[in-house]
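Next up: some structures, all given as structure tokens.
Across the two complexes that follow, chain A remains constant while its partner is chain B and subsequently chain C.
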Partner chain A sequence: MRAYISVFRMRIKMELQYRGAMIGGIVCQMFFGIVLVALYHALYESKAQAMPIEQVSTYVWLQQAFFRMMVATDPDLNDKIKNGSISYDLCRPVNMYTFYYIRVAAQKLMGSLMRGIPMIIVTFLLPKGWGITLPASGGGLFCGLIALFLGLLCMCALENITMAFTMRTLDSRGMQSLLNLLMVTLSGNLLPLTLFPDSWQKVITMLPYAQLLDAPIRLYSGEYLISEAPLILLRQAGWALILILIGVWFWEQNRKKMIIQGG
Partner chain B sequence: MNTVHLYLRSMGMLLKSHLQYPASFIMQTLAQLVMEGGEMLAVILVIDRFESLKEWSGGNLFFFFGLMSVSFYITEFFGRGITGNFPSMVRSGQLDSLLLRPRGILTQVLCSGTDPRRITCIAVGVASLVMGSNLSDVSWSIPKVLVLAESILMSCLLILGLFMIECIFCIHSVKSVELVNALTYGGRSACQYPIDIYPKPLKILFSVVAPFALTMHVPAAYILGKSLYGWPVWTAFITPLSGAVVFFVMVMLFNRGIKFYRSTGS
Partner chain C sequence: MSYIEVNNLRKTFTVRKKREKGKLFREKEIVEALQGISFVVEKGELVGYIGPNGAGKSTTVKILSGILTPESGEAKVGGMVPWKERKEYVKHIGVVFGQRSQLWWDVPILDSYSLLKDIYRISEKDYKGRLNELVEALQLEKLLRTPLRLLSLGQRMRAELCGSLLHRPELLFLDEPTIGLDAVSKLSLRDFLKWENKEHGTTIMLTTHDMEDIAELCSRVMVLGHGQKLFDGKLKDLLEKYDTVRNVTVKYDVEPICFGDDYEPNFPRGVKVTRKNGELRLTYSPNEIPTADMLAFLQSAGTINEMTLESENIDHLIAAMYKEMDL
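Right after this comes the complex of A and B.
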């Protein structure tokens, strides 16, 4: 257990080193956010929707703020798979799945907090309708934070499943990009899930991708009521468990059949 | 062997090398299709929910989206050396070997990479263009076809020019500067919708600094039988040339910058 904790702390410190990348990331994400918010403002001028524009802006900004949580991946592991030094990891007296789960969790957590918190503060200062709004209620904020944590668990589990595919194919680009694209579309980053056709939403909100950021954001903005929160948190926890189990099983299969690259 | 011939030869060889791994190639090409399909899905869903965007109809929006996809991915297809490979060439010191050869650096960089997987993205773009022109009942005429061709060509030059900003920074700082992505990828996201829906700062950014509006939206508005900013018809033929201007300015800056290149060693 202590090994895992120290891995976690090490990765957190490591992520803190990249402050230059952080500022670049924030500026880029802010820019994309402003473009999207401007687009939705123009669209709302043409035809207003049931969901108020303030909520759309909040949705867009929170998605941008925690974008890093979705896309951060462990570059070391990719290289290790490619050049074969993953064989060293087989010798470590730790569970490989847990080891990498913790690593990527630390990376995603710290990376997104470093970018997300300054962005949320800045976007609070934007004029009304363009920036982020306060949470619907204290309870909503609290449930949203728990949901965000469960979303992080789902995200790391998904990341490890993607990595399991990479271990099979050795090429990180094909399957990884396919799964990442699915994630960007179905998690509401490209277009808020709340703007998908209403009939689709029933299905989409059940999928694992909606558990990542969509569920926390909807709890924050009050789209999901507090009374619904236990059910939603349960759904997230359920998905997290399922995804972790799939990942563990997949890694175990891979471990048995691992082919080491290189000499 | 002139430059064009050299470029075509390199492209042929690179294509062959990509096709050496057919399974991986097909997989990645499909991934690109899903990616661009996802982007288009977002546009379809937006049109489904909002029907129109200010004075632009749904069909017009497909046309704008298609124009952007076609131009952007043609650039990535043929200019991968600049849009993707250059920073790693500087970091790894691979650029040194190019300096020794009796050809222009830029030519060699362009010859060094292609990205044929983008073909599916271009296909999605073409489909969207056709769909957009059908839905907006465009009556095609020879000038309109010429303007479309000019617009795509000039947009490609513009995008290439914008990616070269990153290359120029990279020569000086070695590290690739992600900030430029705001202009390139940000420009792609923003300008797949007509420029006049955006607030003033963004309008200025994409009409003057990175003139996507001039290379794409002015001619597209002419083809769709409308007018952007209320400008007269003849502007549709002139404004796309700004893409070439940006490109040539960047080529000059690049050639200046390369004089200050210091190898990373190794």
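Right after this comes the complex of A and C.
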């Protein structure tokens, strides 16, 4: 246990070093946010949708603020897989899956807080309909935060599944881009899931990708009622468990087959 | 029972090759990295493990450190089977792979050490004592707060060694630890390994291509080639067999006329002669011509200005040995 706490602390400390990347990330995400919100304003000018523009704008900004949580991947692990230094990790008396799960959790958490908090503060100050609105209720905010945590658990589990593919192919690009495309689309980052046709939404919201940020945002904005929250949180927890089990199994298979090449 | 017991260890790898033109499938090649290796190592020994590239040295180290599972054969280290009881086993060993890194790239090495402390559950008191000892022996004081990425290769190797020894392993595997190091770093690394072995009785298994490492450190050497063990014993005994050549460089005040224009016919049979910058370089085998006779012959020919006698460079000996063993 001590080892896992220690790696969590250290990864957070390390993430704090990357302040330049943080500024770059904020600028990039702000740009995307503004473009997307402007796009929806143009759309709403011609034909107003069922969902109010304030809610769409809040949805877009929260997706952008926590973008890092969704897509951040551990570059060190990618390198280690490629150059074989992962052999060192096999000589440690710790569970490798847990070790890297914790590591990437710290990275995603710290990385997204560093970018998300300043962005949320700034977007609060934007004019109505362009920025973020306050949460629907205190309860909604509370449930949203719990949902965000469960979403983080799902994101780390998904990340480790992607890594399991990388261990097979030795290159992170192929599978990662494919899975990222699925994630960006089905998580609501590209187009808010709330704007999908209702019949589609019934399916999409059940998928693991909707558990990442869509569920927390809808709880925050009141799209999901507090009375629905237990069911939503349960669904998230269920997916987190399933994704973790798949990852653990996959890593164990990889470990048995792993060959470290070269001297 | 010995500390390390390895019996008939086998490991094969499948290498997939690029598809040849006109063929439907890629070819697979089965490479037998280890073809039944057996040896024992006692506690506190310092064993060198040599062989040409691709002989199976690293494979052995990886199997014995629990990373790879062999096809067949047995191995026990301190009563444990490395690949079966991996998690328990690895607490007792330390590993340094010369070409890879275990410390975190972007953080000060001290932070990496404190993570290792938690991974191996070293008590605070034990950790402090051991760290101080290692930091002093490896001269790391000034580097502790520097991120790994800013260290030179030699500094990094010292830092890696410290990381591998914090938990006081009984057994240390070193896979080419001196690769790319300068002379000073090499010497200090060797001194440190000797010290660690003597002071703490740590069993050390070392693979290397640097014969000086072996000559300096290892009382015992194993030679591996084509996945088989070819020699196991003292380095001296190994070299004696191949140490069959002497080189003499001699310079005369005035070059003796009796050597003629083409030298070799006028020398004892079997001597090779080359001439460069007024110096004669002779290569002969002491088994055929005793060195005393050779020197007497040279002295009788004229007044010697300068002369050196040397045995073949250790690398040449090993190369000759590999050649004879058809490696």
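What we mean here is this: the second predicted complex is superposed on the first by the 261 of 263 C-alpha atoms of A that agree within 3 Å, B and C clash if a C-alpha of one lies under 4 Å from a C-alpha of the other, contacts with A are read in each partner's own complex, and residues count from 1 in each chain.
Assume a residue touches a chain if its C-beta (ideal position, glycine included) is under 8 Å from a C-beta of that chain, and two chains touch if they have at least 3 such contacts.
For clarity, every value in this text was computed on a predicted model and none was experimentally measured.
Touched residues of chain A, counted separately for chain B and chain C, are more numerous for B. When both complexes are overlaid on chain A, the residue A:184 reaches chain B alone and has no touch with chain C. In the superposition on chain A, contact is made by A:256 with chain C only, not with chain B. In the overlay built on the shared chain, the residue A:32 is in contact with chain B alone; chain C does not reach it.
Across the complex, chain A meets chain C through its residues 2-3, 5-7, 10, 13-14, 17, 76, 83-85, 87-88, 90-94, 256, 258-260, 262-263.
Residues 21, 24-25, 27-28, 31-32, 34-36, 38-39, 42-43, 45-47, 49, 169, 171, 173-175, 177-178, 181-182, 184-185, 190-191, 195-197 of chain A are the ones touching chain B in the complex.
Interface of chain B with chain A (complex): residues 24, 27-28, 30-31, 34-35, 38-39, 41-42, 45-46, 48-54, 177-179, 181-182, 186, 189-190, 193, 197-199, 202.
Residues 13, 53, 57-58, 62, 65-69, 86-88, 90-91, 93, 95, 97, 99-102, 104-107, 111, 114-115, 117-121, 175-176, 207 of chain C are the ones touching chain A in the complex.
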